[in-house]
Structures are given as C-alpha cells and as structure tokens.
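Next up, some structures in structure tokens.
In what comes next, chain A is part of two complexes: it sits with chain B in the first one and with chain C in the second one.
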Partner chain A sequence: MSLWVDKFRPRTLDELHYHEGLSARLKSLAASGDFPHMLFYGPSGAGKKTRISCTLKQLFGNGVEKLKIDQRVFISPSKRKLEINIVQSNFHIEITPSEAGNYDRVVIQELLKEIAQTQQVDLNAKQRFKVVIINEADSLSRDAQAALRRTMEKYMSNMRIILCANSTSRLIAPIKSRCLLMRVAAPSPEEMQTVLEHVAKKLRFDLPPEASQQIVADSGGNMRKALLVFEALKMQSPDLSGSLKIAKPDWETYCHKVADLIVQEQTPARVMEVRSKFYELLSHCIPPTVILKTVAERVVERVDENLKADIMHWAAFYECRMRIGNKKIYHLEAWVVKVMSLYKVTKHFVYDFDMSEFE
Partner chain B sequence: MPAAKKLRTAKLDLSSERPTKKLRVYDTDDGRLWVDRYEPKTEEDLAVHKRKVEDVRRWLLEAFDGGPSAKLQKYRRILALTGPAGTAKTTTLRVLARELGFDILEWRNSMSDRGSSRGTREEFEALFDKFQAFLTRASTCQNVFSSNTSGPSSSQARTTQSSQSSAQTQTPSDSSKRHLILLEDLPNLLHLPTQARFHAALQSLCTPTASSVPTPPIVVIISDSGLRGEQNDDDNWEKGRQWGKKEVLDVRNVLGPEFNPIAPTLMTKALQALLATHFSSSSSHAKGKPPTRDILDIVVESSNGDIRSAVMALQFACIAALPSGSKSKSKSAGTKKQSQSKIKAEGGGNARAVLEAVTRREQSLVLFHLMGKVLYNKRKNDPPATHLSAKEAAKERDLDALLVDPPPLPDWLHLHERRASRVCIETLASDSPIDSSLLGLYIHQNYTQFCNDVDECDGVCDGLSWMDWVGGHLPAHTPYAFPVATLSTLHALPSPVARRGQKVCKPSWFEVRTAEMEAWNGVGDVGAWLGREEASGGLGVSASAGWSHTTIATELGGWLRAVASGSAAGTTVPQPPRSHRLFSHLPWSSGIKGGDVLGEDDEGGGEDGLRDEDEERDVRVLGGVKEEDLDDGAGWWAEADDIEEAE
Partner chain C sequence: MAFFQGQAKTATKHMVDPALQPWVEKYRPKTIDDVSAQEHTVAVLRKTLTSTNLPHMLFYGPPGTGKTSTILALSRQLFGPDNFRNRVLELNASDERGISIVREKIKNFARQTPRAQMVASDGNTYPCPPYKIIILDEADSMTQDAQGALRRIMETYARITRFCLVCNYVTRIIEPLASRCSKFRFTPLDSTSSTLRLSQIASAENISVTPDVVSTLIDTSGGDLRRAITYLQSASRLSSSTNPPTPITSKDIQEIAGVVPTDVVNDFARALGVEVFGDMDTDGPVDGKKRGFETVQKKVKAIMREGYSASQTLSQLHDIIITHPTLPAKQKAKCALAFAEADKALCDGSDEELWILEVGLQVLRALSS
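Showing the complex of A and B:
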C-alpha cells in the first residue's frame, strides 16, 4: 500500500490534469534537444515535483524510474559528518541540500563537481547530459547559492540543473537569470475536483460532490493535502456521505487555540503560557515560520479592523529576524508580546470610550 | 600551564629527597609560588572533605588489593576525578600516593615535540603513538620502575632517554610494586580519530589480561572547563561545554567522585595553617606581615572554592602589604595576634585598598546572583527591601551616593526616563559565569515573572529578539550581545520590581531542543517508511520519492491519525513507524510546565545542578544579593496555574 498521493501521481506529461499549457511547453522543450537549467516555483502541493518527474520521463524515457536511494556522507569543514539522502537514476540525481543545514554549500559543491566531471556513459541515453534536481532551493544558504551559480556556468555541457522552490524571492538574482522560470500555480477548485474524481474513478467508488467541495475548500489549493484528507476521510467513513468532519492536523488546531489565548488575556503570565505552547509546537517539528503565520492569521481574524495591518506588519518583521537568528522562540514570543500590547491598548480605548458615553 | 607543571615536578622531586613531613624547614626563599611550596603532604593538610578523600582511598585500595572480598580489583581499573579547577584533585591523589605508598606514572604531552611539528597530522599521530607506548610500557614493564636495582634518578634518566617520550616517573619512595597511571594532560580528544584511539587504548588496559599481573589502575583527572552557552552550531554547545568528561568517561568501568568546590570553612582553616607555617618557619625571609582575618575572609569568599586561586591571592595580598608593614618584619606565630590588632588599629583604609587590589580580579559572580542583579533591576533610591539588614541598607545608600543621575531627557523622550541603575553592566559582563547566549536564555525563561504588564515584556523580549538577530549576522562572539541583553532588560523592567517571591528557573529551551531533535528523527523514520512502502507497492519507485521533511511534519499528521484509528477499528493497513507520534500527536493541555528552579550553587546550563548534596554546601555562604524570600513563592504561581483553559 502506498499513499494515494503517490499511487495516483501522474507519470507522464500527458497524464497531468491541469496547466495544459505548461505541459505542452515542457513537452516541446524536452523534444527540442536543447534543454536549459530550470526553476520550478509555486505554492506547495501545486504539482512542481510531479511536473519535474514527468519532464524527466519525457527526456530520458522509462530509465528514470529505476531509482536507487543512497546515503552519502559529506565531511563539513569542521570535520562533522553530514548524512544526505540521494535519490538517483542513471540519468539524474535528486538532492535536498537543506537537510545539511548550514553546510549545504559543501554538499552542493562536492556533489555537483562529481556529477559534472563525469560524462554520460550510457550510449543509448537520449540526452548527453545528466540532470540534477535540487529540492527546496529557496532554503539554500547564500553561500550555497553562490557556489551553485559558478557551477551552473562551468559544467553546462554535462549537466542541467532543475531547481524546485516555493518562491523565487529567496534566490539570488544570478541564479534566477540562469534558469528558465516555470511557475506552477495552485490548481483551481474545479481542477482539484477533477483530480479527486479521477482518483475516485480509479478506485471504483463514487465521490459525492459535496464531499469533494468540502475537501477542496479545506485544502486551500494544496493538491497533496486534498488527497491526503480525501484518503483519511475515506478511511474514517467509507461511504463519504452525511456530515463529514475534516480533521485538521493537530498542530493547526493547536495554533488556533494559541491565538485564542493571545486575544483573551494580555498579561505576563499569559505570555508564559503561550511560550510553553510554542515550545510544544516547536518540539513537534512544526517550522516556526508556519507557526507564526498560522497564529497570526487566526489572531487577525479576531481583532478590530484597525489592528490587522499592524499585527501582520509585526509578524513580517519578526519573521525576518527569525530567519537570521538562531533561537526562534525569542522572535515568536516577541511578536506575541507586541500583539498583546497593541491589542490591550485598543481594548482599553474601547472601554474608556464606553465609559465616557455612560457618564 | 606547562611551566606550572614543571615547577610542581621539580618540587616534588625535592620534597621526596626530604622525607620529613610535618617539620618542613625552608631555609631559602626559592621564589616558588606558595601553591607549590605549601602543597599539602598529609591528609590533615588537605582542605578536601574527608568523605571525598575516603572515597578515593577506598577505590585505590580496592584497585590494588581487591577490597575486602578481593574480587573488586578487576572493576577498579579507571578512576575519573572530576570537578572544577582548584579543588585539590591532583593533590589528593599525591597525598594518598604518599600515604599508601604507590608510585604515580604521569603522562605529559611534551611541548617541544608538538612545537617542532610542522606537518601537524603525522607528527600528531606520532605523539599519540608515544602516548600509547607510554601506556603499554607503564602497564607491562613494572619491574623496571619498582625493582630498586638502580637509583631512582637513573631509572628516570633511562626512561626519558630510551624513548623520547615524556613519560616521567616519580621517584619511588619505597620498593613497593604498586603504581598507578595518572592521565591529567590528555591527548587532543577533540580530534575524532585520536579520541577513538584513546578509547581503544584505555579499553585494552581495562580488559582483564590472562597474566597474573594485573595492569595498574588508571586515574584520569578532568577539570571542568567553563560553561558556555550555545553558539551558532548546536553541536558546539554539547561538545564545547564538557567534552572532556563525556569523551573520557565513555569507557566502561569508570567511576569516580566529583570534587566540589572547597568549602569556605575548610579553606579558611587550610589557609590559616598555611600562613602559620609561612610566618613561623622562615622568619628570616618571610617579609611582610600576615594578613588580617578580614583579608583572609575576603580571599576565601572571592575564590569561589578554588583553593589554588585562593592561595595565589593570599600570597599576593602579603606581597602588596609589604611597603606599609615595614616595622613588623620578622614575626613569630606567637605575636601574630597582637600584630593583627595593630594592623586593625592602623586603619582599615590600607587593608581595604589591598583587598580591592587582590579581590577585584578574582571576584566572580555566581549565576544565581547575576540573574538577581539583572532581573530585580535595582535603581537609585529604591526603598530598601524588607529582608535587608541595616548594614546592607547602608551599603546601598552609599552606593546610591556614588551614582550620578542621568541628564533629564527632552519631553518627547520622557517615556525612557529611568533613575540611575545600581547595576554596572561592565562589571556584570566581565564577571559573568555564562556567555551572552546562555544569559539570553535565562532572561527569556524568567522575565515574565518580573514584569507587571505586557508592555514591559515587550521591551525585554524585543531586546532578546534583537540580540539573536544581530548575533545571526556576526561571528560567534559579538561584544554587543551581553550589554544589549542586560541593558534592554533593565530598561524595560519596571522599577522597582514588585516582590512576589519570584523563582528564577533554568531555561527549558534545551529540553525542547532535545525533544525537537527526537521528533525530527521520527519524521525521518516516517519518510524512510514512505519510501519503502512506495517501492513495495509494485509501482516501481516513483521519480518523486522525496517527501520533504517539512511536508511530512505539517501535512501528514491527519492521515497518520486516520491510519492509527483505522487500524484500531480492525482494518488492515500497514503501520507507519511508531515514532510518528512524536510529531503527529499534539494534545492540547492547559497550564505551564515550570522549569527547574535555579539554586544558589548552580552554575547554569542543563544538568550541572545535579550535584549530590553535601554538607559542604550548607556551610557555603556567598556574598552579593541575598536570596529573595522564597517562602511566600506560592502566591503568584498559583495564580498562573489557575488561568482558565481556552475553549
């Protein structure tokens, strides 16, 4: 058994359900023989990786599906061992350098040099180059990006790079200019419903339209999430009828409750309580940026109009600091305290105003 | 350090020639430090707690003779003596060596070898080879050292000449066959291969050999290095702090007492004895006068249980007193009392000046008091706290008189108007036992208790955030981090801070960090499982096998729960690894998990507070801020716990 997401993932460009224009372009690119470096970007769950793998298949044929997973050990300058999982076929190699944290530069340099300096030996290969897929390219450090930029030029004859990122904003300009940018937008609700129905048809059961609408509404344009929810729902209530309760991930409800805590009371003791909640979230591997975003969105829903902009401003402000700093909790908490003190002022203001009315 | 070691060796050789213990006669002022000159020779002289000495002695006896049942011998192979610097670890061993009559074979990394090495790696390995050779030789060729065929000096000469290694032997005091190996100057354990070889070497010595002759026991002495907070690299935090202990103790059969800082009572006694010896034994060259009891007290207090530094300070105090005390040049122990009173009469000013000179450098701040100073935010003209004695209140008034009021701020800045602070940031920074990042964690853990409302919290937390942010740009040690953390905290805290029986807690950040690491391992497990499932699903491996870890952590939770509940209902679904619960399961609980309360003796940073209780602790009295009234601590926290749950 595998997850539906994996099981029904389109394998070729023709099987893709949406963004037909993009698929056509990728197809013609793969056929042209001159394939550029590429950068796929778009929100998560939009189908970037799926499109990359389809493109690879178009380029190299079925050979790319014969994969092996290796664990490679790199030695950081400080003699620390870094273990990185590498997925590769004869024609391509896929890495997630951000797993190496601060040492991603080492991984990028070593690996790319190694690949770039070996020619394609398979005479039957359709292309003379190998492809390197770099996941989560937007979390590459500046160093690693700079290292990448040089390599991209130098080894163009042997190697093409496909970057996969959520947004281009964190990539340095030289990299962006060396790549063909491919935006993979989130699917529209209709497109998502088509996909869900397609899956239901493959599995030979009927998907009530209400259920699919509900799933789509809940997923917020994230196809992967929609399919995961779909599968979970099917497991819980096999007929998918009646009132469906889409279970949010624990951490999301948790974040919402944290937001409620912030709005309810603004005291130092409450700050302490919120902190312990943040600690819980962090120790469950929820990325601090996601925490901040989720909590902030929820808080904004619950406060007055005039505060919304400020709250988001501070969220952005502290997220910026958080990305550079080491101790995420400081920034999360600083934002909470800021929001509390802002919110408290307006609450008092309203209160005073009411009192003066009565007098 | 090597110089000091050399000195010590030289002296020991000398003293072994002169077996008289109690009646030492120092006829010349040989320029040695007091630390070396008056090193304890018997157990009575030791300022170490009796029980500790007894522990070590018992261990040694068991190691040599096997204890009462004669079977313990093979379990007593390596003894690790740990503890802060200057707690008489080595001295205890030497005293016991004298008492029990065994030899100490000590390994020393010789500086000349290392200095000459240009191609570091090869040379270094060679150094380690020497170390290994030393170990083997020391453990097997015992009769070379202990059979008294040749004179002690020649045996020593032979060792050094035969093998360029710097193994040195103490001259045997009698012809007993017992000796032990002392490792104090360890090879570079931060170098991983060296560390592995070091362990292997120790292991091989520990494993019981078939031969009837047991290998000599090994004693490893490790001084706790200073505490450090976490810097950019998380790994550094663990490694840098106490690498020595962890790396060395990673060998089995290791056990050993941890030496505590020396209790003030014991230290005072020892120092008095030292002074008595000094001023009585050598009237011809003991210049100066014995310091007063006040000075002694201050020296003891400021040493923080480090007897080596205390003796140094004492020697310095006597030297510094030299010009003023010209009339009482030669003095016997009998007239000491009179002279003391004379000095007192002469005027406290002189003594104070000396004190200042001696203690300023040594005065270090206990973490507990550092946090007190920062978090209580005392400012000029604060009303004295109720628990303060009249003397302390007067001291505070004196301090206030010295403080200069800041110039008045313009109207639009009146928000930032504060009275002059009684806290001197520069002193804090130089005396702080912890670095800025650890200080940040401590402030962060505790500041909320000291704030009255969230606006004050805002200032503190924003300062911390700023510090962390700026620290992210700059290399590890920024000179700004400490002042920023303290100043922003002091500026933001209310003044005066309301006393609610706050308890300073240790940061829970480290626990969270560990939990997070475990959870990420769980994510990794699930990721690997997904890959396997997919491969076994008969689809071939999909080209996009990569589920990123973040995606697994944030998006797979619901599915995993459904799988869990599905399997509970009886359907057969393959189970993901159990470790997924570490990140997918996040129950909402109300209330706050409190951290461990920071005690007065704690040095900060995680598990260090877990020292065993000892009588010594009760005796220790440390200066500085008084412990705040802890008894009525229940009130404020009870309130916090009562906060009603959301929803």
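Showing the complex of A and C:
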C-alpha cells in the first residue's frame, strides 16, 4: 500500500489543486508545440516535481508513466567507474547530478549528447523531442553548467531540458537566460487545507477544521510534510478529535535539546557535550545547514532581543564557511563557542549593571 | 551553423518548423550588419570582408551580447553556405576539450586543404579566403594547460588557420594567448539598440508591445539581448494562449524574469526601517516600535515561502537603499557592506534564508544607529 502522498498525487495538470494560473500556463505551453527549456524553482514540498510530471503527461500522454530504472556506467576522465541509476520512459529521462558527485559534468555531457543525437523512434510520439529532467539543478557544478550552455542551444530540435531547483542563486546567468523560469511558491494555509480535505473526502472520513489547521501550521508550507503528518495522525487517533499531538521528527527534538544545552550553561564541558550531539546528528545524515539553522532558530527564541541579531549573524557566517570548508563539525562548534561567549558577556554586563544599582 | 551540420543527414526529414523555433535562434544575426550595437567591432570586421585578411581574434563580453552570433555570421559571409562546413570548426565547452582531443580535431581539420570555389549554390559570390576558421567558444572554461598547448597549435597551423576565441571573462585567458589575438570587447547592449531590435522582432512576429513592456524587458535583462528575447517570446506564448488573447503587460515580463514584485520588496524594506516613497498602498506601515528581530524574521520566512530568489530580492533591496533620496551616506555605506558580504556568500552557495536575514538585520541596525 502506498502512502497518501503518492496515492493522492495529482497525475494531470487538471487535477492540480493550487496555483491554477501556473497550471493553465503549463497547459498552454505544452499544447503550443514550441515548448521551451524550463527552470522550476521554489521551496521544498511546494509541488515542483508533481507539476513537472503532470506537464510531461500533458506533453506525451500515458506513456511517460511507464518507467524503467537503468543502471548506467560512466567513465570519468581519471578512468574511474561511476555507476548511476537513471529513471526513464520512452519520452523522458531523469537524472540527479549529485549522485555523480564531482563528475556530474561527464554524466550530463554523455547523457545529453546521447539523447540529442538519437531521434525519437516512436512514430506515434506526440512530440519530436525528448525531455531531460535534471533534479537538484542548484547542486550542479560550475563545470557542468558551462557544459550545458551551448548544448541547450544546439540540440533544441530534439531535446528539452527541465531543471528543478530550490533556488536560482547557484545557477549561472547563461543557463538562466536560456530557460523559462517557473516559480512554484509554497501553497497558502487555505490551499493546503483544501488539499487535506480533498484527501479526507476521497477516503470518506471527516477532517475536523482544528486538526487541519494544526497540521498546516506545523508544516511550514511543505505539502509533502503536511500529508505525511496527516496520515500518521490518522493512524494514531482515527477520529482526529481532541487535542492532537504532532510528533516532531526526532532530529528536530534533538536539535532543540542542543539549543537548550547552549542556553543553560556556557562552559568548556558543555561545548564537549554539544559537540558529541552534533556528531550524532551528522552521523544520521542530517545536513549540517539544517542542523545549524534549527539550533540557531531555537536559541534566538530564548535569548534577549539585543543578542538575536548577532547570533544569526554568526550562524550565517559559519554556514558559509562550512560550505567552502571540509570538516563541518569545526564550523558548527565554532558557532557554538561564539554564541556562548556572546551570551556570557552580555549576562555579565547585565549582572554588573544590576549590582551597581543595588549600591 | 554547427547545429545543422551534425544533423544534416537526419534532420532533413524533420526540419524545424520556423514557427516552433526559439526566437533567439530564429533572429540570430545572419550577417555582421545585423548585429546590433558593437559598432566598433562590426566596422573593423567589415573591412576584413573586403581585404580578406583576418587576424586571430578574441571576443569577450557578458552573455547575450552577440559574440557567438558575430563570429558565425562573419564566417558565413566569408565562406558562404557550401564551404562553411569544411572551413569552419566550432568547439565549445560542451565538447570534450582535453587538449589531446582538441589537438587531434584541429589537426584533422587543418589538414584538409581548402578548395576554393567562389560561386556558391545560392548564386552569390563569397570571398572564400585561403584559410580555415577555428572557433573556440566559451574559451574561458578551458584549463590553463589546454590554453598553453593551444599556443603551439596556433603557431603550427598559422599559415592556413585563423583562431577566434570567445569568452565572458578575458582575464581567464592566459596572456601569451591573448597577446596573439586582436581583442574585441562586446558591451552590454544600450537601450536604444535593444529597443530597435526588440521592436523589429515584435513586428516580424506580428505581436504588439507597448513602450512600457519594452522598457521593462530592457530593465530586467540588463543588456543581455538573449534574455530580453527569451522573455518576450515566453510572454507572447502565454498571452496568446489565453482565450481571448490578452496583451502582454510589464507585469508578465517581471514574473517571467523572476523579478520580485515591488510591493513585496517595499514591504520588506519598510520592515527594516527604510522609508519607501512613491507606492500607492501604504496601508499599515510598520509601527516604529514593533520593528525588530521577529518582524524581520517573519518577513524573510514569507519571502522564502514564495520562492523568490535571494540574489534577486537582495539586488532589488540594494537598489532601493543605495538610490534612496534621504538616507545619509554613512548608513548607506554600512548597508552596502552587508550586501557585498551576502553576494559573496550566495556565490559560494550559502543558505539563502540565513543571508537575507543577515542583510535585513544589518540594514535594520545600520538605520537605527
């Protein structure tokens, strides 16, 4: 049995719930025959992938849903073998370049060349071109992006590229200038509630408004998360009434604990304690940026107004260093030490101030 | 064009219907006189057409200013359609460019002796000078080693080949290579030339655009004509797809270009304590006392939820602050520092939310000091 997120995923542009304007645009573009290269961007869980697959279906019909997964071998310039899984149908192919690590350029180049040079063989195909979907396009290396530039211009007659990314900042200007940009904003709370109600109706049960509000408030605009939480809650308490408790993911609770540790005590011993917790989180593959942001946001909730800006400043500072640097833990730790010392200095300041008033 | 060469055999039965061609390709200049702006370059190159003596060349400048188009057009004018294929070799970053491969390709290409045949199948006469042209597009993504090796190659085949290096950043081309070439700088297109070109395209495509739309196109594309043309085509696709067709508006262009709506940026700026003039809906200006960390954080989260790009948001905020009529210079300077830091961080791939927040807080601090 599949999860609700998958089971109730819209399959066609008409079934999509929110951003009707966007769906209408996609539909007209798919119908016009001169479909451009596209770049979908927006926060995670906003529905980019769903929209892309609906667009594909609009372009090619049911055939795109017949997927096969191939394992392909690429040879890097240094003669290393890379094995990469590729999802494809007769009409499109999907790649996630981060799987290729530093060799994304080789993979992209080979695949695109190959596709560009093969004509659509299926005579019944609705379009002459094949579509290449590049997921997480913002993690493409500069090199790989450079390799895309002219390819995108040259092979336009039998290939279209759809890039999918959270942000556009990391894409180079020549790539952006070759694509039609499609912003997919997170759905509004009302829109999310409609989706939840739709699911409830399909499954023939009642969703109390309080419950749906609570789920939506917890999700931060992430539709996927909302649906997952919804399903979990329904399993816990089938009638969804009374006060619901939405369990936070373990890693989040854990991050909050770390934040509390930092605020409670500022000593070398505490730094060591926090450090081991960071290791724990990292070893569970929680991305370091997520760790830093979650902890920092929790810390600023519990400190004085005058400290908040500084704490976030150093979070931004060390997050940037962490990107360039190699050892994530150093930078997480450096931030903790920085925050502790800031906190201590201000506390002393207040303390001294109070004393002088007493005298 | 290289595109048609590789495909020539297969593509004939599948010839691209011009109606479905992207306009950037459809309206790529066919001759060097079609190239907008870049007067100096065009003037010099026009002379080479009559003297048929060509130096090695280096074209550099920002994206979408006509570099690739110019060299392709020039080559076509020199050799005509029949000889283009055996006289011009185009290599770019998407081809394999390990130096051994480049050497091999160039060697093979240069070996075949040029055949002169002046009158082409289309009835025109072409100068057809006795050399071949090798275009190295996107040359700035070649490694230093490869560039070094290229020096020798250039010398070896100097008698029968001319090189044209094309790049965005001239500083990434090694000096010995650059000094062998005549340099041509391509500047971002000025608004007069862009306007002219865009109106030509619009009338050829039979769409009506208001001056307002054209000026939005030019503002949002920053002198990159390719971008302006792409935006125009997308906007016209969208506007003609509605029933009945609606005219193209500046707002469509802004949305396509990923511009953050003015009221969103203004609202954010106001939350940071910037006095924003000249917008109509001043409902609920942020109360001076309530301005603080939480307000800023909330605004940033809202911007992130909408999916606006951080660099775009910051560049618009930057413009509001730096061109602000009443802010003191010292405060502006402090803000400018924050913008600079953030730009660097974003280029390094840092988290967008953290850095919009950082800029917001720094501006807030600078303005309240």
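Methods note: the second predicted complex is superposed on the first by the 357 of 359 C-alpha atoms of A that agree within 3 Å, B and C clash if a C-alpha of one lies under 4 Å from a C-alpha of the other, contacts with A are read in each partner's own complex, and residues count from 1 in each chain.
Note that in this section contacts are C-beta pairs under 8 Å (C-beta built on N, C-alpha and C of every residue); 3 or more make two chains touch, one makes a residue touch a chain.
Nothing here was measured: the structure is a model prediction, and the numbers come from that model.
Novice: Consider chain A as the common anchor and indicate whether chain B and chain C clash or fit when overlaid.
Specialist: fit
Novice: Now for A:181: first (chain B), second (chain C), both, or neither, which partner does it touch?
Specialist: A:181: touches chain C, not chain B.
Novice: After the superposition on A, what does A:71 contact: first (chain B), second (chain C), both or neither?
Specialist: Neither partner.
Novice: Which partner reaches more residues of chain A, chain B or chain C?
Specialist: Partner with more touched residues of chain A: B.
Novice: Counting only touches as set out at the top, which of chain B and chain C does A:42 meet: first, second, both, neither?
Specialist: second
Novice: In the superposed arrangement, does A:324 touch chain B (first), chain C (second), both or neither?
Specialist: Both chain B and chain C are touched by A:324.
Novice: For A:309 in the superposed arrangement: first (chain B), second (chain C), both or neither?
Specialist: Only chain C; A:309 stays clear of chain B.
Novice: In the overlaid three-chain picture, which partner chain does A:149 touch, first (chain B) or second (chain C), both, or neither?
Specialist: second
Novice: With the two complexes superposed on chain A, say which partner A:34 touches: chain B (first), chain C (second), both, or neither.
Specialist: Touch status of A:34: second partner only.
Novice: Report for A:25: first if it touches chain B alone, second if chain C alone, otherwise both or neither.
Specialist: second
Novice: Taking the superposed arrangement, what is the smallest distance in Å from a C-alpha atom of chain B to one of chain C?
Specialist: Here the least C-alpha separation of chain B and chain C stands at 10 Å.
Novice: Jot down the residues of chain A that show up as touching in both complexes, chain B in one and chain C in the other.
Specialist: 324
Novice: Would you pull the chain A residues touching chain B in the complex into a rising list?
Specialist: Per the stated touch rule, the residues are 1-3, 6-7, 9, 11, 44-45, 49-50, 52-53, 56-57, 64-67, 69, 78-80, 87, 89, 94, 96, 99, 102, 135-136, 222, 224-225, 228-229, 231-233, 235-236, 247-251, 253-254, 257, 260-261, 264-273, 275-276, 279-287, 290, 318, 321, 324-327, 329-331, 333-334, 337-338, 340-341, 344.
Novice: Can you name the residues of chain C that touch chain A in the complex?
Specialist: Contacts found on chain C: 2-3, 6-7, 10-11, 14, 16, 19-22, 24-25, 63-64, 92-94, 96, 98, 137-138, 141, 168, 224, 226-227, 230, 233-234, 237-238, 241-242, 255-258, 292-293, 304-312, 345-355, 357-358, 361-362, 364-365.
Novice: Which residues of chain B touch chain A once you look at their complex with the stated criterion?
Specialist: Contacts found on chain B: 192, 230, 232-233, 235, 437, 440-441, 444, 448-449, 451-458, 461-462, 464-469, 471-473, 508-509, 512, 515-516, 519-520, 522-523, 530-531, 533-534, 537, 539-546, 548-551, 553-559, 561-563, 565-566, 571, 573-574, 582-588, 590-593, 639-640, 643, 646-647.
Novice: Using the touch definition up top, name the residues of chain A that touch chain C in the complex.
Specialist: The touching residues are 24-25, 28-29, 31-34, 36, 41-43, 46, 77, 109, 112, 117, 119, 128, 143, 146-151, 153-158, 167-170, 173-174, 176-181, 183-186, 220-221, 289, 293, 300, 305, 308-309, 312-313, 315-316, 319-320, 323-324.
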